[in-house]
Every structure is written in C-alpha cells, then in structure tokens.
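In the two complexes below, subunit A is the common chain; its partner is subunit B in one and subunit C in the other.
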Partner chain A sequence: MSAKVITVTSGKGGVGKTTVTANLAAALAMQGRKVVAMDADIGLRNLDVVMGLENRIVYDLVDVIEGRCRLRQAMIKDKRQPELYLIPAAQTRDKMAVSPSDMVLVCDQLREEMDYIVIDSPAGIERGFRNAIAPADQIIIVTNPEVSAVRDADRIIGLVEAEEKGPAKLLINRLKPSMVARGDMLSIEDVIDILAIDLIGVIPEDESILVASNQGLPVAMTSVNGSSASQAFRNVAQRIEGVDVPFMDLTQKDGFMERLRSWLAGES
Partner chain B sequence: MIDSATEQLVRIRGIKDGILVTLGSGPYLDVYDQLVAEVSQKEAFLQGSQVTLDVGSRLLAREQLSELVDLFASHSQVLWTVLAEADETREAAQGLSLATRVAGSQTDLTGRPLSPSQISTTIEQPAQSGDALFLKETLRSGRSVFHEGPVVVMGDVNPGAEIIAAGDVIVWGRLRGLVHAGALGDETAVICALSLIPTQLRIADQIAISPNGSKHKPEPEIVSIRNGQIVAESWQQKN
Partner chain C sequence: MSWFNKLFGEKEASGAVAKQRLQMVLIHDRSEVSPGLIEQIKDDIIRVIASRLAIDEEHVKIDLTQSGRESYLMAEIPLDTKARSRA
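For the complex of A and B:
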C-alpha cells in the first residue's frame, strides 16, 4: 500500500484551505480509507481546531522532524472516524523549522500504512507553501469566485507547473448561485476560463460550514441529508477515488417544490 | 525596423534627446565618408543636436573617435554619447569624456536605468537582438518576460503577467495582462492579440488602459501608435 499525497493550497488566505482539507480528509475516511490530515501551516495552525482535536495535541510535526517523538506519537486519532488521523503543526515555531525534504521524509514514512495524506498548505508562495507541495502527488487549488482569489490561484498554478507536479485540480469554494445568477459573482465558467485547469469540485456557500467548523465537526461528517456543502465535499472525495460523479446542479434553488416542479416539467 | 541599419552605412534618426546615428557594417573609411556626406547634407536640419553615436561591435581607436567629435563639432553638433559593444571602444570614448552605454542595455537613452517595472528578473533567453522569442505556453500571474526583440506567445497572457519586448508582441490567445512593445523606444512597434482585454498596454513611452465597461465580442485586434496615441483596431479592418 502506498498512500497518495494530496496538498490543498490557494495562494490567497481565507478562501477555505483548512475547511477543504478537514472535509476531504473526513469524507475520504468515511469511504473507509486510511487518511492522515497534516497541517503544514507552522505557527498558525488551524486544522486541529476545525477538526475538533485541538485539546488532544501532545506532539506536533516539528517534534517529529526534530526527533523529539516518533511519528506515531504525533498522529492524533479522530474521535468519530476510526481511520482518520491528524498531524498538527507547531504553533510556537515558524515555517523555517521545516524544510521541503523533511516533509518528503515524513510523508514517505506515512505512505506505507495509509491510503491518503491530505496536507493543509499555508497561504502565500514562500517557504510554507514550498514545504506543503514538496511531497505532493496531487495538488488541489482552492479558490473563491472572486477576482483576487482567482488571480492568486493563477499564480499558484504557474508555480505548481514549474515544480512538475502534474496538472493541479481546481476546487471552487463559497459559490453563491443566486449572486452568480444576478451577475454579481464570477461564475464557474468565468473562473475556469481564466485558470484553464480541470475542476474537481464546487462547494456552495453554506452557513452550516461555519457552524460545523466552530464545533470542530467537519461538515462532511454531518448526516447524509444535511447541507449541500456536505454532499459537495463527499462528491469531491469520490472524484479523488476515481468515481465519475456528476457536478451538482447549483443553478436551481434547492427547495423541494422547485425540484418537484422541474421534475414534473421533465427538466431534471 | 532594424533591417535598414544593417543595409545602410549610416542611419540617422531622431530620438527623445537628440539624434541617434547608427554606423552600419562595411569598411570604416566608406562609413566615415558617408557620415561626412550625410552630416554636411543635413547640417541645417541637425544643427545644435545632441548626437548619440551607435558604433555597434566596431572597434574604434581614440584618434578615430576624436576625429568624429571634431566632425560633428564642425557642423554645430555635439557628440555626446558613444554606444559600443566593445570594451576597448568604450574606454577610448571615456578617455574623451564621452558618455557610454552598452548598446541595447536596460537603460533609457539618457543612460538612466529603466524603472523596475520595465526591467524583468527573468531574461528568457540570451537571444540576439532582433530575434523573436517564441513561447508556446500560457503566461500566468507573476510571470515576467523580457526580450530584446519581438515576442510571440501561443497561449494566453493572464492578469499579473507581463511581457516587455523591444519589438512587436503577438499573442495567439487572450491578452489580459500587461504588454510593453517597443520598450527601448520603437514607436512603430505593434501589439496583436486574438482577444484583447489587457490590464495595460505600453508602446515605446505611451501607456494605455482598456476603456471601462467595453464588453464587446472578443475579436483579433492590433494595437499601434497613431498620431501619438495608442489605438486598438479590429484585425479584419486592417486587412
């Protein structure tokens, strides 16, 4: 068994890298995979909070790299999913405590026993970003449908291409279909038109994401009939597994009556 | 734009700070005779000009340069700057208190360095001046291309990417970033793109931005300087 290393990055901060990392890791684990989520944002760790594992941290990534503990000791087992682990970042150090080759070494140790390693990259294009993409087999670039986030994503795609990591995949987060319909937000087509890379998922804006993050419960773990964002994350996880899942139709308002009406009209 | 310089023995043209005299290839005596003839013939027109002399890779001794200083002076012109590729020629010119600057270096005609936005950190290829640079890729944000000649891109130029070229710039794709054509002062340089939605365009020392709210159907356009202004027009009309 050799794990696939997936790095989630964006360039711009605040587009939802950590949320995406937590939810992809959770969704992959829910499909029965052995998954490690790794926080590469040394000094500004968040992944532990979003996954609700903050209070269980004893050792972190820098402790592993500097030899203060064994890798296994830094892996925090998730409360809800038996095969989901977190390797947290150090909060009291900075990006220079880790080198790209350290990340490759750590991931190579994990590859033996895991199916997926999902790495949360820090914002920016400096050392932290370099660390996060060094071991990656697949890079997922998160962007929001707004001009500044797309601009940064474009820059990141260029840097990833230069690293010869294979084609990056695009995940559009926080899409508001109603705003797109009014022409107040970039549409999926607008974003892809500029970035010209393959889309792996679209996550609609959803209040339940914020609620879930504050509770330390990735929204993908909430019940199957939950939010559309929850379903969207699970779809992305399926696509990572190679399943051809059609993209959710976000253009319609998802009220039951509306769906019924369009079904009766034979549109669906 | 560069062709005639190699064909003619002497080429004289106006630049921002006076006149630029370019010596072509050929035996020095022929070039010198031609220069004497040209300068005498155009004396009235050139009177009082500040002369920049581009000798290219030609080796000139101090006596020869001194002779040229006298030649221009006798026709009421001041030889101010000698552009030379050869160190020996530059040293000789400096010995005569003439300004020097490597031909085609990243400075403007007064010898001042170009502003940082005009200088790129990536010089794609150390190509001969005048050779086109061909890029078969999309230039993404943060990419900067500098080339002392024409540049052809087969792909898009995204916002945040820039091309600084001494010659023309042709984009076989969508141009959404910044392009500076004729960056060393060539006002005849043009910019072409299949779809033109640039952040900013520059030709020589002119700067233009896209008019706001123009959401017409994308079509191939060509941009040039007309009557001192940067103008974009449909490629169809041009042909």
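For the complex of A and C:
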C-alpha cells in the first residue's frame, strides 16, 4: 500500500480549508479507506476541534518530529470510523519547528500503512504553506466565490506550478445559489473561467456545516437528507477515488421577483 | 442588462463587476508587469519602429492579455499609410 498525499490549501484564510480537510478525510474513511488527517497549521491548531477529537490529544506533530514519541502515539483514532486518524498540530510552537523535509519524512512513514493522508495547510504562502505542500501528490485549492479569495487562489495556483506540484484542483466552497441566480455572486463558470484549472467540487453554503461542526462532527458523517453539503463532500471524496460523479445542480431561481425578472427577460 | 432591470433602475449585477475586476487585477498579478512598465515598453517600441517605418503613433496599442493561464503581450501598430502613398 502506498498512500496518496492530498494537501488542502487556499492562500486566503477563512475560506474553509479545515472544514474541507475534516470532511474529505471523513468521507474517504466512510468509503472504507485508511485515512490520516494531518494539521500542518502549527501554533493555530483547529482540525482537532472541527473533527471533535480535541479532548484526546496527548502528542502532536512536533513531538513526532522532535522524537518525543513514536508516530503511532500521535495518531488519534476517530472512533466513529474504523480507519480514520488525526495527527494534530502543536499549539504552543511556531511554524519554524517543522521543515518541508520533516513533512516528507513523516508522510513517507505513513504511506506504508495508509490509503490517504489529507493535510490541512495554514493560510499564507510562507513556511507553513511550504511544509504542507512538500509531501503532496495532489493539491486541492479551496476558494470562495469572492474577489479576494479567487485572487489568492490564483497566486497559489502559480506557486504550486512553480514547485512542480501541479496541476492543482479547485474546490469552490460557500457558494450561495440564490445570490448567483440574481447575479450578485461569481458563478462556478466565472471562477473556472478566471482560474483555468480543473474543478473537483462545489460545496454550497449550508447551515448544517456549522451545526455539525458545533458538535465536533464533520458534516459528511451526517445524513445527506437535508444537507446538500454532506452530499457534496461525499461526491468530492468519490472523485478523488477516480469515480466520475456528476456535479450537483446548484442553480436556483428563488423568489417571486427573480422568477418575474427572468420571465420578463425571456429566460424561462 | 434587461429592460426590466433598467425600468427598475437597478445597477449592473455585482457578480459581473467582480469578474471584470478580477480579470483586470490578475493580468497584472500573473505577469508581474505594471501598467507603468507597459507604457515604457510602448514608447521603446514606437521609437524602434518609427526609426524604420512611418507609423501612426497615436494609435499604437500594447496590451497584456490572457489565454487560459498564459499571458501575452499584444501589440497593434498601425502603419501610416498616408505617409507611404506620399512616398
């Protein structure tokens, strides 16, 4: 067995990298894969709380790198899935405690026994980002349909290409179909047109993501009934596995005024 | 914009504005070429070509454009045909 290393990154902070990492790791594990989610955001760890495993941390990534524990001891088993693990970031150290070659070494040890290693990158383009992409076989760039996030995604695409880690794939998070319908949000097509890279998924804005994460539960582990985000994350996991899953229809004409407008404009 | 939007006095949809602004800013981000540098290049090109050919200097256009993720410098240099017919 030799695991595939997937790094989730974005440039801009707050676009949902950690949520995406937790959900892709969970969804891949639900498909019967052996998965480790790894938090590369040293000093600002959050993947543990998003996955609901914060109370079980004893050792972290920096302990492994500095030889204070064995790799296995830092792997927290998620009891809800048979083969899902978390390697948390250190909370009281900084990004300089880890080097890109450390990340490659740790991942090489994990590759033997895992199917996927999903790495949560910190925001920015500095050391933490370099650490996160160093061992990557596939990079997923998360963006939101807004000017600043797309601009940063474009910068990351360029950096990933320069590091010969491309081609990266794009995941559009927090799309609001009703805003796209009335022309007040960049559409999926607009974002792809601008960034010119392959799309691996679109996650709609969905309150169930926050409701699940309040409870330390990746939404992908919840029922897909009533949560389009849960289904969307599972679809992305299937695409990572090479299954050709059609994209969900996220077009929406909402409200009377919208329908009247499109009817009068002859669009319907 | 449809006549319906005009009738109700609505502005251009903000999504389209966002796309247009992104396309402009990314052209310069990707190439690391500032608008000022383009102007300097334009002046240099005019000087080199005008030393050999009669050109319509007023209508020379030098623009950065994109195709996919590739950037191109497009130059449009009209010849001064009146000068040629006089020759």
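Note that the second predicted complex is superposed on the first by the 249 of 268 C-alpha atoms of A that agree within 3 Å, B and C clash if a C-alpha of one lies under 4 Å from a C-alpha of the other, contacts with A are read in each partner's own complex, and residues count from 1 in each chain.
As a working rule, contacts are C-beta pairs under 8 Å (C-beta built on N, C-alpha and C of every residue); 3 or more make two chains touch, one makes a residue touch a chain.
From a predicted model like this one, the values you see are computed outputs, not experimental measurements.
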Subunit B and subunit C placed together on subunit A: clash or fit? clash
Exercise for review: Please indicate which partner A:D190 is in contact with in the superposed arrangement: first for subunit B, second for subunit C, both, or neither.
Suggested key: second
Between subunit B (first) and subunit C (second), which does A:V180 come into contact with in this model arrangement: first, second, both, or neither? second
Problem set entry | First (subunit B), second (subunit C), both or neither touched by A:G158 | both
Max touched-residue count on subunit A (subunit B vs subunit C) belongs to chain C
If we overlay the two complexes on their shared chain A, which of subunit B and subunit C does A:E146 touch? Say first, second, both or neither. second
Interface residues of subunit A shared by subunit B and subunit C, listed 151, 154-155, 157-158, 194, 196
Subunit C partner, complex, touching residues on subunit A are 146-147, 150-151, 154-155, 157-158, 179-180, 182-187, 190, 193-194, 196-197, 261, 264-265
In their shared complex, subunit A is touched by residues of subunit C numbered 2-5, 13-16, 18-19, 21-23, 25-26, 29-30, 68-69
In the complex, subunit B touches subunit A at residues 138, 140-143, 156, 158-160, 176
The answer for subunit A against subunit B in the complex is residues 151-152, 154-155, 157-159, 161, 194, 196
